[in-house]
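Labels A, B, C and D are assigned to the chains in the order they are written; within every chain, residues are numbered from 1.
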């Protein structure tokens, strides 16, 4: 499948460049009969919108979404849902300098290597704005999953050296860095101020917890639920690592400790005493909370002087102009949630016929 | 695509259960004209074969591969290469006990939740033996990549608390734990002895370095090379985390340090001073070494007493019989290499027409 | 893959309903470096535009296309090309009657059976307007194929009982029914007048000839070039049959006659004396002209009285209002060409690595 | 997806060449819990077995199938079902002559054009024996569909100039040409005797009728049920045309006649007075019988003298040795049925979540 389409039954195809006419997504395979309006989408897009704090770019991006198809009388029809966000902030600007060299940490060079040339305005297709389509699609996936009682809690776990120590779900939307720990948020903001004063940037970890996914979702071999989640999350620009459950920490544990023991609770429900596995065993959900983490690298666009090369074969020094987020972690929180939701919904749709009795339930 | 097929142009479809008649793989889309014989495959399979040391199971598995199709007069024909390994070690045994309960850390429960029942003999489809097909396919992918000068170096980076400190490529095949550091290997073996004496098990980290992948491989959005690698690696049973380049460590770094600066060397070749990115920028290879790591959990099968549930709704204690690897990291090294090779070859085949001039070069 | 995406490397995802905000397509996987502008697309869309003659609907549809992404400085960038056509002719109209019953020959009933309800305005997603996206994508595919010397000749072969008897390529665009035979065109128009006077409609056959496709395109088993063309063409609404080369006539022939004998011509080029096979042998192109035909059913929308049922469980009589094409064959000519072009280009991109030497040519 | 895999959820991957070690298929995505044994498969394979009459080759092929995986305690487990048929009739023979030239009507030349060389023994991958894997997979699909009350009736409709005139389902398996009309069968056999005496061959039409497919199966755009059936059927070697319902005859009909009018019968069930559409409207099943036809070309292997070229650049005359079927239509009947069954089952699995209420029924 071509590289801008994700998902098999519930699928999205994104398009658009940072400084083109707009960005958008076509969501196909959404079940018919789901209530949906532009406000549902906009609420998600607003979570990734810049200009909301000192730590996100000041560019004013309205990012108003328009639904172009697939919804009729307030409900999804089962046909493609096309959504568009027009680019508003297209100041005419001189890009000839940026066109001439390769920014360190960016995809400038690799795009040229692959395609022979690139749309160099604001990062083109590899801009963070590419995630607009993902988030619009994610808003729909989350809505469908909610109908089955599945819910998401996604937040910033760490920024640079500052990691959360307490967990208060309510707190997440109270601070500009989307941390569930007010004290850590305050520290993180202080750390970001330092980064900014040094014309530098920070990275961090995003964590996503998904509740009430029924047991039995995912596949035993290549379409393991965790494998598909790993691809989904690693496909977000700037993500360099993905963990499920205890992740890399399992390598320091041992079998006796790491194995989550099963038991029946008082209502005779199967439960686990611990959840080191992060809700997935052998690629298939076990009914407990699904937990995943993404490692996000420090923003590549910094205003410090850097060494690089230009297309004339010269070694040069550059200073990238413009204002950039000192950290992209908070804005990427909703992107992680979106990608996770799309992956899980698609896995659920793909697995509906895993048992003959299910086929008979629907068609028999 | 169904869950036992991986790859789009160069694809493999694996089949088989631990204690069924055999296991195998169908490799499709391999370019025609590649020299290939059973010895090429067997050499790879032998790298994952058990019974080679105290730290791998004593079961004697010949795992002799037979090529059934797709090779003619010593060369691949472009049509499917079907390979089979017959199961030899199928002692008649009583599996009724294991059939009745859910082993902690295993996929027993999740298989039942998805499919309604399972082949419980030796883990069935979720056994580590499922990787035989992957490795047989990987042997072919590595062979094709070698024709383009691409080479792999894959090894154990850590087992439990023991991490390599030196790097000697020659050393990898000299020790039973596949570490490129003889001293660390000795320590690791000592640690594994302890685990065994405590009826416990260990995890670890596998690292894979891939040299001479040309710049321009991979896709900018969902088929980022790192995203596809992440899925490939996370689809290996027991892997709980994947990193590219510096991975989770980037979250503690900053932009100025983490950005790999470009320069032209004396031969006017574009190079990078550092490689924190692990050879991939914006989802596309940059020509430097590709580096990835997998976190492998401690073997779930341990002989210590554990608590769990049976299918009669009772909370029980179990002792899993049989001999099991105290660590699966060394045997999984070749699996990681195989999955990486298949992913990269498929990306190269998918991207051949990224530029119009390439199309004309082949068809014009 | 979800049902609104077609193609694996060169792919299109269409969206939109007859009376929604618009229709469009996202084309992904187009090679970078192809000159492209809106006029290239518009020229194709104009070939399917209604209101051009008495035999196509009078509704005035501008169908002006806008390219939203994927083209930079006049060339494709390799990233998704999103195109939109806004619906202009959305007269507010009372659709309550049409919403209440199932039109014979239409998808009204089957949409309800699948999705539970439908966008009933003007056919919704199953309207002929859905082909706008296909034609916009087809314009690009034809442009890329032209760069390799491949050309298309597509026309109406028959309407009702009137079949072409002579072939003059120049004539095709001279008459409203796109026939390469002026006399047949005159007869066909007379026949259509009769149909209209009887509130009835006609079907016909579309033929597509594709020249200079190199030998070696397509696959030997499921992705046979003819198999993929058959799907592509049969996916066009109203098509009920597809033939390659002599098609159904081969069943009346015999081996000696039907086998196309090979010979070397004076320039030592391999040729065939005949082309009963329509340019495809064993699923792979043989270098001669590719020939395919589509059977198009009579327009289902007719103003004669018809019997049907409503959603209240009653047997009723209906008279469908509005003006409709008495035949859709001429407007579908460019749709057939588009689908064929997309299929062939995708097959060419998929097959670039069929030989190891090709891989080395691009990457070695 | 690579060319030897067909289907998205219920998928098959076939492998093997005419004179290699064997042929087989891996079926993935089969629902768990279906009773299955080798006899179920063998019964289907026997329907395509040669050597059953004067009109099929005398080569004795046992074609005994072995199930290697995916079935446990007599039921499918949901994991891949690998099946193999070993080639028995591999007489050592001199193929050097056939290796040197291109047989008319065969894929010899096109394979060389695509892959650079080919397995020339008995047609290699493009042999009719490739369909063994399809039929083994089809046997499973038919079994699953039977569990939902869906049944198939597939037969020879015509051979050369002889077309059936009466229909007696019982008769189909009574005659060597699988015709539901004893008189036509007698005529057809007489016609085939003539062909054989003239060292010539015949083609024909296969018809497949599928009953009790529920309304609502298939997709409105590219995955129309008829589009996917067209690809499935056209992917069978020697098929040059596909029709749904009235097929090419619709082009001679008119809207008033061709539209199938709906009515409610006495049990208030929605019915159609006619079925010109062949059970599919707008790409989606309407609950009436699905009807499709395949045009099969005359056997390309004939013993008459033919002109062709060799690989030395010479125009030559050839006489193909060996005994070949004068017609392949009867043996292809079960292949058509298999491909249709696989396509319909896959469409049903893909469409289970078309409505939100279905998702909730399974997971809610």
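Definition applied: a residue touches a chain if its C-beta (ideal position, glycine included) is under 8 Å from a C-beta of that chain, and two chains touch if they have at least 3 such contacts.
On a predicted model such as this, the values are computed, not experimentally measured, just so you know.
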Any chain that touches chain B and chain A: C, D
Comparison of B-D and C-D by number of C-beta pairs in contact, larger one: C-D
Reference chain D; chain at largest CA-centroid distance: A
Chain centre separation (chain A, chain D; CA means) in Å: 44
Intercentroid distance (Cα basis), chain D paired with chain B, Å: 38
Chain C-chain D separation of Cα centroids, rounded to whole Å: 26
Residues of chain B engaged with two or more neighbouring chains: 1-5, 8-9, 14, 29, 32-33, 78-79, 114-116, 125, 214, 220, 354-355, 357
Chain contact graph, described as a line, ring, star, complete graph or other shape: complete
Residue ranges of chain A in contact with chain D within the complex: 8-9, 29, 31-34, 78-79, 144, 147-149, 214, 220, 348-350, 352-364
Touch list for chain A against partner chain B, complex: 1-6, 8, 14, 102, 104-107, 109-111, 113-116, 125-126, 130, 158, 160-161, 195, 198-205, 214-224, 226-235, 237, 240-248, 250-256, 258-264, 268, 270, 273, 277-278, 280-287, 295-302, 304, 306-309, 313-315, 351, 354-355, 357
For the chain D and chain B complex, residues of the former touching the latter: 1-5, 7-11, 13-17, 20-24, 26, 28-29, 32-33, 66, 68-70, 72, 75, 77-82, 84, 114-119, 124-125
